[in-house]
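Note that chain A is present in both complexes that follow, paired respectively with chain B and with chain C.
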Partner chain A sequence: MRRNSPPALIFHGLFVVFMLAPLLIVCVVAFTPEGYLSLPTRGPSLRWFKAIFDYPEFIRAFRDSLWLAALSSTIAIMLAVPAALAIARYRFPGREAMTTLFMSPLMVPHVVLGIAFLRFFTQIGISGTFVGLVLSHIIVVIPFALRLVLAASYGIDRRIEHAAISLGAGTSTVFRRVTLPLILPGVVSGWLLAAINSFDEVTMTVFIASPATVTLPVRMFLYIQDNIDPLIAAVSACLIAMTAALLFALDRLFGLDRLFVGSGKG
Partner chain B sequence: MSLAVTERNSPFLLTGPALLVFLGLVIIPLGMTVLLSFYDWGQYKGIVPEFTLKNWVEVFTDSYFFEIFLRTFRIAILVTLASILIGVPEAYILNRMAPAWRSAFLLVVIGPLLVSVVARTLGWALLLGSTGLVNQGLIALGLITTPLEFMFTETGVVIVLIHVLIPFMILAVWASLQRLDPQIENAALSLGASRLTIWRRVILPQIVPGILSGSIIVFSLAASAFASPAIIGGRRLKVAATLAYDEFLNTLNWPLGAAVASLLLLALVLITVGSNRLIERRYAQVFE
Partner chain C sequence: MSHLVLDGLTKRFGGFTAVDAMNLSVERGEFVSLLGPSGCGKTTTLQMIAGFVDVDRGGIRLDGADLVSVAPNKRGLGIVFQSYALFPHMTVAENIAFGLEMRDVSKPDRDKRTLAAMELVGLKGFADRYPRRMSGGQQQRVALARALVIKPALLLLDEPLSNLDAKLREEMQGELRQIQRSVGTTTILVTHDQHEAMALSDRIVVMNQGRIEQIGAPDQVYDRPASAFVASFLGKTNVLAGTGDGQGSVAIGDLVLPLPGAGKGPLQLAVRPERLSIAAAGEPGLEARILGRVFQGTHWLLSAQSAAGALTLMRGNDGAAVPTEGETVRLRFNAADAALLPGGAAP
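Right after this comes the complex of A and B.
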């Protein structure tokens, strides 16, 4: 392996600063003891982190976001697993078109999806409800679930299943005891990626959230539109810290490159 | 016999639930939105389900909308070009690192992707404000005397969108770099090619498909970005997505908002499908 030249390393250093600076500044400003946006020059203070608890709407939105992410990604994975098995194993008419359709929420702008759901939910009378949020999030996270389950499904040796059938196992036993354990890494990582994307989604959700059911990113977005203060920095810092912890856990469990780059080989 | 029937039907049984969900929750709502763009609307009468072309005529003829769509695609092109210029060398540098360093810095690239875009944009709002760290630093270095305007400008929106979207470019280019055979590079070196020649004649041609697919992703996400332009651009500097948002939730002219959204969708589908076709034809041999 050839080494990178000094100019290349300087470029890399600047790039790392560029990527991390906005996240670090949020975390630093969150510790300010002042009542306005400033760097904590008089020493760090937890004042604004304590202040979060005086705004129950952030706590409530956080709880709703967690529920939404868990529910929508669970339903999405339940739809994605059979679809992925069908796409990986069978050649059937409409297979390509169906795959494109299931991946389409990645290509359709989320602002368009948001508008479409707002119109549709208003017409059928579930606008502004939690059910509406779950239904819309299932759609936007299915591509992530499908992609990872599909990658895992291509790698299965079907002779193992045939062996189970020849030994007298029924369809559901084969799925439960043979197929599912084989694709489990894909199912788990697909579920996680789906849950993260549901939790972070803001563009579509801002259209269909109502004051009663609002997710944390939407709550934060609406807050920032009014004013930017150390409180919102503290909320964001908590979010960044949680994501960092999750990231290290994911890296240990799966390896980030497996999860995000060339997951096709399984 | 019955087994053969199940085997023939099973792909449809397995994909059936997902297909029904997509029919009900994607096809129908999108169809209703397109239909809505042909409805009439008035300040006092609200949405009137009568066929009219007036929203589309307005979107295509009013210079206000033309300016916003022009700005949207200008921002998207600038973001895509900058992502190529920064992302390609960075992916190459990452690929040459020792594995331990590489996985550490991969966290730096992928990590921000998992942080809510609202939190990332907030960070940039703190950095780019007139008393923000960037302006303070530039003044301290003596490069400028008066603070530069980043907030509520296109420059600010472009900077933030580069930060938000560049991981997609790096991941796409990195995936194609991993397929390269390092021996080809060594062969070129042993035959006396300079570093620049190797880059231009050996490496670049092989990673062009990765660059192009990264560009399509970055371009379409930049053209439909919402939260970053809304926060950094403010109410005055509108792009297509924030325009549609305002029509829907502030002006309440849903048919006009639906026309804006349909046009954005149509433009992006044409651009991405068109460029995908072009790439597949041009680089068919690379994709095998």
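Right after this comes the complex of A and C.
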């Protein structure tokens, strides 16, 4: 393998710093003892982490967000798997249209989706409910789920399934024992990407969420409109820590490069 | 009664006829190769037997029972694919045991048969390996064991050795043949490799454009090709233009040979390069000018041009003088070494 030249190394270094610096600064600021956003010059303090517990709406929003992400990405992946398998292996009328339809939420600005869902949900009477939130999130995360499952599905050698059939496996057994394990990296990474996107979604959710169903990002967004204090940095730091822990656990379990690059651990 | 019968088997893809009214009977324990260039319908035929491609017309019978109406997973056939098609997420033992598991064979029995299958293909001690940690040849053995362990009624081999390098392929050919002999499973091999077909099979079915050109034992198909296609597809051959006198005699240049069954007028003969020899002085022969020669170690390959067409001949490297480029020689061959090809005038 060719070694990187010094200019390339400098470029990569700057790139990594540029990516990580904001995250790092947020985490450092979260430990400030001051009442405003600043670097902790008088030693670290847990003041703002303790403050989170004075705002139960943050805890509730976090719980709702987790539920929302888990539900919407799970349903999205359950729709994406059969769709991806059909698209990857069969030529049928409407195949292109179906692919485009599933991918279209990526193309429509989330502001537009937000307004559209608000109007539509009011019409059918589920405005401001958790069900409405889940439905809208399924739609916006399905392109991510489908993309990754589709990539995995295209990579399958049909003859592996044929071999299973010839050995006596029926349709459901072939799916359970052969097809699903083969596309599992795509399914897991698709689910993960969908869950992250759902958890992260603000632009559209801001229109649909009601006071009873506010997600964490929307809660944070509403909060900083009124106050700019290190509380929001503390919440962010908690999120970053949890994400890092999750990624670490996943890497231990599956190997992240296998999930996202598909190269396998060998 | 034949073990496997293909009766007027036909498959069309749109306007293209992939397999055209194919008839074939295979005896129990026989090793039959479907040989032909890509697109000749050999793989489609195998896929129809396996049940992965629907039959348009005609029937497939196994021991007299209709096979077409049986679901592919109920046919009980063993298949080995060119790409091996092993289950990558299962170990060697799990791969081989899969078919037994589908048949609800008890665990101890399953383990015993899996072990025996691994021994049969020479993979003892590989039980816990994953396929990606194995060489192509080893993976192919796993695929073979996986197909054989279910004691299939038929073993279908789809270009099983073409992904292996030449040396390993030759080794595997010998082994495959020996394993097939020992278990006695009726086997259908699909291949485009004439050497593989000749080395392995009891009978070869030469296919072209969805039709069978010839069925016969390897030496029979090689020595007595039924058509110009078979003659040119199996080994090197010379197609020479001759003229029949209508009384069982054919003239090729100055050479006149008795060939019973030859008609009157222009006709075509197939002669193998190794059967052409140089005529002694004074003997009648076909005049040919040597255009080039290539040394092959055990023999020389000479290309030449004659009035009856371009031809190739072989001269053993036995110390005798070999004609050089530009030289004119007179060639002869025995009537028994010439196969009369159907279909009119010389190309």
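Quick notes on this one:
Keep this in mind: the second predicted complex is superposed on the first by the 222 of 266 C-alpha atoms of A that agree within 3 Å, B and C clash if a C-alpha of one lies under 4 Å from a C-alpha of the other, contacts with A are read in each partner's own complex, and residues count from 1 in each chain.
Basically, a contact is a pair of C-beta atoms (placed from the backbone, for glycine too) under 8 Å apart; a residue touches a chain by one contact, two chains touch by 3 or more.
Treat the numbers as computed from the prediction; the structure is a model and nothing was measured.
Contacts of A:I25 after superposition on the shared chain: chain B is touched, whereas chain C is not. Once the two complexes are laid over each other on the shared chain, residue contacts for A:L66 go to neither chain B nor chain C. By the document's definition of touching, of the two partners only chain B reaches A:L239; chain C does not. Within the superposed three-chain model, A:I165 lies in touch with chain C and out of touch with chain B [touch as defined at top].
By the touch criterion defined above, A:A51 reaches neither chain B nor chain C. Once the two complexes are overlaid on the shared chain, A:V188 sits clear of chain B and of chain C alike.
Contact with chain B, but none with chain C, is seen for A:A80 once the two complexes are overlaid on the shared chain. When the two complexes are overlaid on their common chain A, residue A:V178 makes contact with chain C while staying clear of chain B. Put simply, chain C touches chain A in their complex at residues 50-52, 72-79, 81, 83, 85-89, 98-99, 102-103, 132, 143, 146-147, 150. Residues 10-15, 17-19, 21-22, 25-26, 28-30, 32-33, 36, 86, 89-90, 93-94, 96-98, 103, 105-127, 133, 163, 166, 171, 174-175, 178, 182, 220, 223-227, 230-231, 240-241, 244-245, 248-249, 254, 257-258, 261-262, 264-265, 268-269, 272 of chain B are the ones touching chain A in the complex. Residues of chain A that touch chain C in their complex: 157, 159-160, 162-170, 173, 177-178, 181-182, 264, 266. By the touch rule above, chain A contacts chain B in their complex via residues 1-4, 8-9, 11-12, 15-16, 18-26, 29, 37, 79-80, 82-83, 85-87, 89-90, 92, 95, 98, 101-102, 104-105, 107-113, 115-120, 123, 135-136, 138-139, 142, 196, 199-200, 202-203, 206-207, 216-217, 220-221, 224-225, 228, 232-233, 236, 239-240, 243-244, 246-248, 251, 255-257, 260-262.
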